[in-house]
């Protein structure tokens, strides 16, 4: 059993989600690695001590530069606001560490490219955790097994509503300098990563970026039309103003042989339509993706005992450790993060023109 | 093209539903018969004239005895409160008419038996219209094709809520002398007819009949446990106190090879689960039962152009005319109505005991 | 009781749907008018006789020019392929008739403008029948009552799958010369009409039009981003390649005070979210729009006895007759049809550029 | 911070679920207690070592009698087959320990009564974990706030299908000597506990117990009609032969002021109908019970970030520790477990008669 010594930079919501993954991964994934939670680093020393105590971090630190230089750390996990991802990740890579970085990879395509360059040759991970939703991983398998067939349409939307909540404190996600963008990086990045994972490269896009709130410098909503390299066409919609929807991360794929439909609010379910069924028996099947021959079913509980949001982080980490152990390739890597940023960058350019632009 | 001269007894809600069927059947069903709406009979002469004018009845009448004796009438349709079904139907049969009677066939098993005796040898129909819901007819086909397999469980409920509505005028359905019973005849009869149609005879039952309202002499809710002759077991629940449900007529069948689930509020849909699918692709299929190779699809509109409540009456009548033309057997007949009453009667006896009783 | 003498041009699917409306309107709508089905006109004399006989048309004709000139006709109903709408409607108007025209109003914006000019001052109707879906009419009421509030997002899609069905005979809808366009006029027109009805004018659009099939000269799919005049933003998607969906005409509106969501496959339902509910009791409400205080509930059956596709035509005609009787304004008029074509025209121009273009 | 030294008896599926709760409770619940996982006890020494290592148990043991006598243990957790619950729990209580026991509390009412007697005066818990499903706890709050009102109907079913799976190894749950009963104790106990929690005592029942499989000595399905003390009537159905349903633990309550409906397969959701809404805006609300002012929302993740099966154990333990700390009463206690057994016992007696029997 090897040990992976981890330093976590960040003490916010993602710090908590990642901490949970470090605590839980050994309970459900049987990799060759044991996690050692060496140090958690944040700027609020008082709350940091409590977090470290709660989640089992051995030490706390307030200077991330010191952390990434520590010789007793194997992996640095970057869970701070987007604008800081590049600097910390690159420093960590240069210090010889594996790097695990929260999504979106960066605040710009340029940063993302430099980050991917920096980590080349070292294990790296971008926390596009939804790739490990069993239903999404299973959709990928349906694609690979040609159960969707030639794809015609891909449709995705990430619907949240808190942008419209006047009682909510602003926070860094509404500040362009810290977040880099609004829903573009926060929500559209998830949609695009899943789309690239399931439906392959996007060739060109036409985008609309819109801010509903006054005096806000980030996009509250971004809409996208897209042409995929495989000939299918797509629509994307990311918004914080979808009143009535709490956390709807939805995709729908229509192919010649089948359809798949997913909503994160029903994380354990997938709708699947088999167009090769007898015509009068065709209907969207409501699959509970929690049983034998479903991804990750053997890791967690019994069939039909549902899992939640946090398990996607645990499974991401479990797969990462397995790839370390076996030397096999891991996705989502920084390169996958770059691919997302290429699309986001094209969207931003398109929204400025406004016209169609190619994804570079 | 033969002509069927019809006399309708009744001017209430069912009178309207049947009138619509007579007007519409020729538009959608190509039988050898043309309907002639000779006379509508009711006790409120003023409103009757308006109804006759609206729905195209040639004449009105207020004395049903005179109507059933008319030599220019081929068929008598009985759409009056339950307590009158027997007398009118028997008189019509004795006058040599075909008889079409609204459900429940009678106000008691004894009446039902006498009615069935009276119509023997003549075309007859009891308006258990839900047999012609495409989804229900299709479920029967699934059973016949062995897609459900050996049945383990049958579960049915008819949920309405108006019993609890203090603003609603009482009406004859809340009067035992006129209605014969409460939900037993009104709602449970539908559930039982569908169950017998789909799952075969019921051997024995244990029932609970309950009245929530004060000073009401009919059952507001009737619950039933049942053993079917085929070895499956069932639950039935009929109520007018299911606050939150408008008109939920629901059944679920679980068999060794599949499941079917239906709700009248989603009349055009059927959920079907194929237990012979590969395990990881099994899920309840949401079928829109409105397309090629579905019952009645060719009669009405294009695939996926949905139909409503009234179409079940039109289709019942269409099938009845086709059976007249071809001489083939028609269901639901008075004998089917009797079969329902045998179960209702057993339920009443069981509720009085209280214990399990055999269906005779 | 006045009589409206109708001549119907067209014997296809829409001819049947309109015929049904003429037969049924008097049963459910109490206007001051009685319909007289004078003549049905079509080019296939043999099948026409059968249709006329089935649906009660007094005469048949094969020359529409003769029909529109008949002095005993008050209203001409145009239910032929799109490319013929303009010529027939204009001739009918010039002959002094009321004109009822199937949607889309025309094969081009230019035609539509000329048609609207021709009917000025006469009663006219374009069969955007979905305005009379109770759930859609009810959504309009929610908007008027400020239950949706300031709108942020409007999202619509019309999903069909038959474009991908190789067994289906081509038909006129796949021929540009006859249909004018593919899904643009066939499906997107419905979405746009509903959007204009519920959310007001569209200021500008960016469109993608795509044909999946080889050797087909109409659009199989059209996608649209849109900016509405009220500041909301929208996405539209119309396609015949949405494998897995039979007839999904869907819209979703998110406003500051509420959300509404509809799918034609569940015609009797509307999802409504009230953002002014206590936070922990907020959820999309599944409304069965078939009861007291819902549009058209008093016309058809009892509460929760569902209606179907055909009832939208009956209600459209019922409202039209009522407007004739009262002299009040009717929607959807040819002007409403023109408004749709302005958006479709902008979409076509945008798709050619490709860039954003203003709706003129 | 006090320490609670725990000994866990059992190494099966429940051993894993409980172990996870001990690992996780401190991450999400801020009680005055720290858990120390002293010892896990099981009969398979080899696999036990691995489990202990994975889940952080300090020691292993194979003799439960030695464990319950250890002076360094504060609490004994009993997670073994039902037939052993009584003996171990009573021994632990007599040794002065707190006792936490898996459900059903016992293999018979008599055992349950003796267990409750034994733990009197000591903290005790029966793992009816579903009481801590946020949606169920929230339903209880709706009841307490009079949002359901006078209850008319309570309807519950626990649907599983594995009884029909011929590939599944039998296991102890199919052996009467070890399990005590089939679905009665396994599934119906959950339904009854939830019903008692939400709707109060049951006065009398009529039951049907059935075994579909040959050569099996436990009930595969148990059906129940029930009269509650509050005047409402109920149906219960527990089965392992509901082909098509993986793990459907469902209840529906209809009251004068509202309805609640839940399905464990959609653990994060609750349907709630408010009968005091304006009539035309009434509809079942689809609540995502994961936000502000929902039970346990502040313990886990952000609003709308869903939780899973395991969280119900964590929350049960969290509440138990809080009750230890504050000295307040905890539910579900052994007394609650006894209340469930009174109903199960009445069901068994009724099924034997067969007739209605009173719950003692």
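Labels A, B, C and D are assigned to the chains in the order they are written; within every chain, residues are numbered from 1.
Following the convention adopted for this analysis, a residue touches a chain if its C-beta (ideal position, glycine included) is under 8 Å from a C-beta of that chain, and two chains touch if they have at least 3 such contacts.
In this text, all values refer to a predicted model and were calculated from it rather than measured experimentally.
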| item | value |
| --- | --- |
| Chain C and chain A - chains in contact with each | B, D |
| Winner on C-beta contact pairs when A-B is weighed against A-D | A-D |
| Most widely separated chain from chain C, with each centre as the mean of CA atoms | D |
| Separation of chain A from chain B, taking each centre as the mean of its C-alpha atoms, in whole Å | 54 |
| Length of the line joining the C-alpha centres of chain B and chain D, rounded to whole Å | 42 |
| Between chain D and chain A, distance of the C-alpha-averaged centres to the nearest whole Å | 35 |
| Per-residue multi-chain contacts in chain C, two or more chains | 284, 288, 291 |
| Chain C to chain B touching residues, read off their complex | 13, 17, 19-20, 23-24, 26-27, 54-55, 246-247, 265-268, 288, 290-291, 300-311 |
| Complex interface listing, chain D residues touching chain B | 152-153, 155, 157, 159, 161, 164, 206, 208, 210, 212, 221, 223, 225, 227, 231, 233, 235, 237, 239, 241-245, 254-259, 261, 273, 275, 284, 353-356 |
| Interfacial residue positions of chain A with respect to chain B in the complex | 138, 271-272, 274, 277-288, 291-294 |
